[in-house]
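In what follows, chain A forms one complex with chain B and a second complex with chain C.
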Partner chain A sequence: MITKEATVAAPAPLPAAPEPPRPARKRRRAWDEAPRWQIYLPLGIYLVFTLIPFYWILLFALRPAGSTSLVPWPMTTVHFEKVWTDRGFGTFFYNSVLVGVVTLLMTTLVALAGGYALARFDFKVKRAFMLALLCSQFVPGALLLVPLFEIFAGLQLINSLVSVIIAETVFQLPLSMILISNFIKNVPYSLEEAAWVDGCNRFRAFRVVVLPLLRPGLIAVGSFAFVHSWNHFLFALMFLNNQEKQTIPVGLNTLMSADSVDLGALAAGGIIAAVPVVIVFAFIQKWLITGFSAGAVKG
Partner chain B sequence: MKISILGNSTGRGRRTSAAVALGAALALTATACGDDGGGAGGGGAEGSGKGKIVFWDNNGGVRTDIWKQIIADFEKANPDIDVQYVGIASTEYQSKVDTAIQADGLPDVGGISASMLAGFAAQGALDPLDDRLEKSPLNGKLNKDMIESLRAAGGGDDKLYSVPTSANNGVLYYRTDLFRKAGLEEPTTWDRFFEAAEKLTDKGGNKFGYTIRGGAGSIAQALDAMYGQSGITSFWDSTGKKTTVNDPKNVAALEKYAALFKKVTPAADLNNDFTKMVAQWDSGEIGMLNHNLGSYQDHVKALGADKFRGIPQPVGPDGKRVQVSNPVDGVGLFKSSKNKEAAWKFIEFATSAQSSSKFNESAGQVPAHLDAAKSDWIAKAEPTKLAAEALTDGSTTIVQLPYYLPDWNTLSKAESEPNFQKVLLGDMSAKDFLDGLAEKLNEAQAEWDEQMG
Partner chain C sequence: MAQAAAVAKPPTPPRRRRASATPRRLPYLLIAPAALLMLGFIAYPVLSVFYYSLQDYNPTKPWRNGFAGFENFTRIFTEDPLFWDTLVFSTKWVFVEVGLQLLFGLALALIVNQTFAGRALGRALVFSPWAVSGVLTSAIWVLLYNSQTGITRYLADMGIGDYGVSWLSDTSTVFPAVVVADLWRGVPFFAILILADLQSVSKDLYEAAEVDGASRFKQFIHITLPHLKDAIILSTLLRAVWEFNNVDLLYTLTGGGPAGETTTLPLYIANTSVDAHDFGYASALTTVAFVILLFCSMVYLRLSKFGGEK
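And now, the complex of A and B:
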C-alpha cells in the first residue's frame, strides 16, 4: 500500500540557511593579509627607540675612555673592572642581593599570612583596615625618614642592612598583602574544606592545597618586592653610613661628583645594576603578568 | 575522598618552609652586625683624642680615592685614631646631613662648602673653629680670601665653621683644534665668544659653537655670563638691600646669552645638567663650554690635553673681567662629635700643605693652603694655574653670591631653574625672570637683616 505521504512529492530541500558570520576567522584573515611591513615597521621603530638608550649605555661601558666610536670596538672591560674592584661594586652588589632576597622572603611570608586573614576571615574593622592599607601607599618614604631614623637609632640598627630590609619590607607589605588576599579569594574555599574533611588542620590545608595554587601570585609579589628593594635608593642612603654596607643605587649615585663624572664607569655600574633585574624579568615575565592581572581583578 | 596532592607535596613543602625560615634567619643574623656609624648625639665632647671618628665626604665618588690616601697618611701619622670614610654624592649630601641633624645621627667631621654652610650653621650643627685655628700651625697659612668667604657664608655671627681646602672657579673651555680650523681667535673677550659661537655652528653637520646649561645648575652659569658681560661688580646695590640681578645691563646681557639657545647650541641643552653638558662636549664637535675646574680631568681623558684649553671667563668691553664666586670648599667639625680632639687633628691634617696639595692636584682646584698653592703641579695644570692667577693677581673682580642666605639654594635652584628654561624657550622675558628673582632675593635679604638685628 502506498501511503498518502508516499504519493506526495518530496518537498524541495530548504535553501541552506546562511552561515553565521565568523568574525574571529575574518579578523584573523584580515590580519594575515595585512602587508608585513605594516606590522613590523611600527614595531621596529618602537624597538629602536627602546633599545637605543641601552645600546648607548653598552657603548660607553665597553669602549675606551675618550673614544667617540659608534661601535664598542676596540672593546674594553676596564670600566667594569674599575667599578667592581676600585669603586666597591662587588660589595654593593652583594649587599643589594642580600637586601633584595631577604626583603623578598619577608614580604612574601608576611603578606601570605596577612593576605590569608584578609581573604578568609571577617572581622569588625576589615574594611577600614583595607582602606588604611591602600592609604599607606600615598605616604612617601621621605616623609617618614626622620622618625624611622630615630627608631632604628634606638634599636642600634643604623648602619646595619637590617634597617633597610625592615623599612623596605614594611613599605611593600600593604600592596603585597592586598594582592595576595585577592589571589587567595580566587581559590575556592571548598578545596580547603575538603582538606579539613580529610584530616588537615587549617595551616596544613593552606600549605598543601592553597599555596601551590598561589604560585603566580607569589612570583608576582616576590619579584615586585625584590626589584623594588633592588632599585630603592633613599633608605640605603639615609640609614647606611659605611661604604662596606652600601647598596648598588647608592654606589651608582657616588659615581657622579659635583663637577666631574666618569661616564664609562657610570655606564658599567648601570649595567651591573640592571642585569639582575633584567634576568629576573626574563625568567618570570609570564608568571608576573598572570599574577598581577589575576590579583588585580577582584577587589 | 582523598586529595591527591596531599601525599606528594608534604615532604617537599616542609623542606621548603624550613629552608625559607632558615634563610631569612641567617640573612638577618648576617646583616645585623652593624654599628651606629655616626659620631654622635647630645652636646658632644672633646674626647680622648684617640679612637674612631667618622668623616662624611660631601662630594664622594671621583674624590674617594684621594680622600682614602689622605686618611691612610693620617692614620699612619696618628695610629691611635681610626677614620671611617663615608663618600656621599654631592646631590644628596644636604638632605643626608639635614636628616642626620634632625635625628641626631651626625658624623664627627664633614665636608662643608660655602653653599651649604648657612643652612647647617643656622641649625646649630657646627662647632666654631676660630679658637682652634688660632692655636694651630695652620694659622696664617691659609688663603685669607677663602677664609673670609667661608666666614661670610656662615651663620652671620662672623664665626668660622669650615676650614677651607680649595676654591673652584668658572672656566671657559674651548676646542683649540676647531678654533684653528675656523681661523678664530681665542675667546678672551665676550665679543669674540659670541662671534666664535656663531661661526663654529653648522646645524646640518651637527656642529655647534656652544653648549648652554639649561637644566640643573643653570642659574650660577647664567649669572656668571650676565655679570661678566655687564661688568657690574657687586650683587647688591650701595644700600645693600636691593640686588643688582635685574639691573638693565644684566637684563640685556641675559637676553643676549639666552638667545644663543638653539641658534648656536643643541636643542637638547634645555635639560642640560653638568653631566650631560660635559658628556656632549667631550664626545661631540662643540666649540665652547662653560664649566669649572672640576671637569678638567674629564676633558683631558676624553679629548687629550692638546685639543682644548681652559681659560678664565672672557673680559668685558672695558677690558675688565668680572666673575661670580664659586663656593669655597672646606671641612667642618660637627657640634655633636664626642671625639672633637681627634676630629680636629684630622681637619688639621686634611688641610695641611701636603694633603691640600695632594687633594687639589687630584680635584684640579685651587689649594687653600698657601704653601700648597706653590706646588709644581699647578704650573702643569693650565686651567688651575690661570684660575689661581685670576683669583689672586687683581685682574678679576669676583661678585660674591649670597651663600649666607639660608634661602639661597632654593631661590637659585628649585624656584629659578624652571623659569630660566622658560626664558630659553621664549615663554618668559629675561626682564620678567630677573625681576621675579630680584623680588625674592630682596625679601630674603630683608628677612636676613631683620634676624641679624
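And now, the complex of A and C:
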C-alpha cells in the first residue's frame, strides 16, 4: 500500500538511483570524445605511480628475507605467519575489527537520529547546532589528546577499547550528520506524510519509507566511519598502552620504529592492514560517487 | 543551556498524540545523543585547552603548577624559535600538498569522467590509495625509500644515483620524498570529490557551447570550472585543515626529522605534550594554532566568495 503510493507520488531524483542510464555509445557526440591517447597516456602514467607502491609491498611480503629479486618468486608466507602470531597482528586485527564495527554502528545510528532532526524540524537551537557541527571540523583531534586522555583516565577507560571507540565516533559524527541530513532532505517529506495518513506512526513511516531510500548514503557514511577508525592511529596509540589491546596501525608503527626494521614483517603487516579496507572499498566504489553527489556538502 | 530550557518548557496545548510522536520534543531527543557526545568529548576538551593555556601545568613538575597569565603566550612569540620554524614548515606543507593534490586530482577526475573502455577498473585503481591509512602509507614508502633494498638500489643498478642512499634521512631530499608519499594518498580524495561534482554538470551546456563553436579548452574554462567552483573551494579548505592537523604520516615516516626538518606545528605540539609533559605550554601552542586555522579559513572563505552568485 505504502510503497505503491510512494512510487506514484515521487518516482523522483532519489539517491537510490545508482547511476543514470548511460546513453548508447552511438548517440554520443563528438564534443564528448577526447582522442584516445589523451585518456590512456596520462591515465597509464598515473596508474604506474599508483600501483608501484602496492606492488612493492606485495613483493616484500611474499619474497624471502634478503632476496633482491623483483618478482616474488619463490613465494613464501613466512612473513605473514611471523607477523600474525609472533608480532600479535592476530590480536590487533581482532581489536581493529571490533573498534571499526562498533564505531560504524554508533556513528550511523547517532548521526541518523540527529540528521533526521536537522532535515525535518525547525527548532530553537538548530542554527547554533549546525554552526557547532561546522566549527568542529576545525578542531584537530590530535591537539586534544591531553584533555581527552584526562577525561578517559577519569572515566577509568584508559586501556579499554571503549575509549578509542568513543573518540573515533565523536570525531566522525559532525560530517556524518551533515551528510545524512542532506540525504534525508532529498527524500520528499510528502512520502512520509502519506505514510502517516495510512496509519503509520512517525518511526514506522521513517523505517518503511525513508530508510530504504537512504541506503546508498548510509553505506557511504558507514564505510567512511569504518575505514576512518580502522586507519586512525593517534587515539589508539595514546589511550591503549597494553599490547593486548592495541590496533593494527599501532602495531605497524611498532614494526617501523624498531631499531632494525624487519621489512618482510612490515610488508606482511601492511597487507593485513590493507585487506579489510580494500574489500570495503571494492564494495562501495560504485556508491561512492553517487553518495557524494547526492549528499554533497552544500545544504 | 537554551536546549535544556526548551526541553523543560511544558508543551502548552493539550497533547493529542502519543509522547513519542510529539514533534515539539522529538528534535531535541534526536539530537541529544550527538549533542552530549560532542559537548563531552569536543567542547569540554577545547575549553580545557583554553584554560590550561593560562596555566603552568606539568605533571612531572607539580611544584610549579599554577596560574601563569599570558606567560605561555609571550614565551611562544618571543622566546621560541621552534614555533616559528614549525609554523613556516606547516604553511609550506599545506600549500604544496593541497596545491598539487588539487591539480592532479582535477586532471584525474576530468580524465576518468570521459567514456573509455576499462573505465570502471581504471577508476577503482586510481582511487584505491584513498582508503589507505597514513600509517600504512608510511609503511609502504619506508619499504620504497629504504637505503638497502629500496627503489634507489634498483635505480643505482640502472646507473642512476648511488647505492645506499636514503632519501628520508637526507635534509635535501626529505621534503620532496614525503610530499610524493602524501600525494600518492591525497590525490584520490580530490579526484573523487570533483568527479562526483562533475556528474551534475548539465550536458546541454556543452552541446550549446559546441554549437557556438567553443573549443574543448574554452568549454572547460567557461562551463566546467565555474560549476566546480564551490566544490573546489570547500574541498581545498577541508583538505588544508586536514593536512595541517594530520600528524599520522609525518609522525611515522620521519618522526619530524631529520634534524627537525619535517616537524609541523601539530607534531611539535604533540612532542611538547607527550614527551616533555609540558601541558600548559602545549595548550597555549594549541590555542595559537587553532586561532591561526580559524582566521585563515575565514579569510579564505571571504576571499573566494564561497556560495556567492547563485
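One rule holds in what follows: the second predicted complex is superposed on the first by the 257 of 299 C-alpha atoms of A that agree within 3 Å, B and C clash if a C-alpha of one lies under 4 Å from a C-alpha of the other, contacts with A are read in each partner's own complex, and residues count from 1 in each chain.
Criterion: a residue touches a chain if its C-beta (ideal position, glycine included) is under 8 Å from a C-beta of that chain, and two chains touch if they have at least 3 such contacts.
In this text, all values refer to a predicted model and were calculated from it rather than measured experimentally.
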Partners on chain A (chain B, chain C) - clash or fit: clash
Partner chain in contact with A:Ser260 - chain B first, chain C second, else both or neither: first
Which of chain B and chain C A:Ala195 touches, first, second, both or neither: first
Partner chain in contact with A:Val78 - chain B first, chain C second, else both or neither: neither
Partner touching more residues of chain A, whether chain B or chain C: C
Contacts of A:Leu157 with chain B and chain C, given as first, second, both or neither: first
Touching partner for A:Arg207 - first (chain B), second (chain C), both, neither: first
First (chain B), second (chain C), both or neither touched by A:Leu58: neither
Which superposed partner A:Phe129 touches (first chain B, second chain C, both, neither): second
Partner chain(s) touched by A:Leu118 [first = chain B, second = chain C, both, neither]: second
Which of chain B and chain C A:Leu145 touches, first, second, both or neither: both
Set intersection of chain A contacts, chain C complex versus chain B complex: 68, 145-146, 150, 238, 253, 255-257, 261, 263
Parts of chain C lying in touch with chain A, wherever the complex brings them together: 2-3, 6, 18, 20-21, 23, 26-28, 30-31, 33-35, 37-38, 40-46, 48-49, 52, 104, 107-108, 111-112, 114-116, 120, 122-136, 138-144, 146, 149, 151, 153-154, 184, 192-193, 195-197, 199-200, 206-207, 209-210, 216, 219, 230-231, 234, 238, 241, 244-248, 251-252, 255, 266, 269-270, 273-274, 279, 282-283, 286, 289-290, 293-294, 297
Residues of chain A touching chain B in the complex: 65-66, 68, 86-87, 98-99, 101-102, 105-106, 109, 145-146, 149-150, 153, 156-163, 165, 194-195, 197-198, 200, 207-209, 211-212, 237-238, 240-243, 245, 250, 253-263
Complex contacts: residues of chain A adjacent to chain C: 22, 25, 28-34, 36, 39-40, 42-43, 46-47, 49-54, 56-57, 60, 68, 70, 110-111, 113-114, 116-118, 120-121, 123-126, 128-129, 132, 136-148, 150-151, 166-167, 169-171, 173-174, 177, 201-203, 227, 230-234, 238, 249, 252-253, 255-257, 261, 263, 266-267, 269-270, 273-274, 277-278, 280-282, 285-286, 288-290, 292-293, 296-298
Contact footprint of chain A on chain B as seen in their complex: 1-3, 5-6, 9-10, 13, 17, 20, 23-24, 27-28, 30-38, 54, 56, 59-65, 84-92, 96, 99-100, 102-105, 107, 168, 274-275, 278-279, 282-284, 291-295, 297-298, 301-304
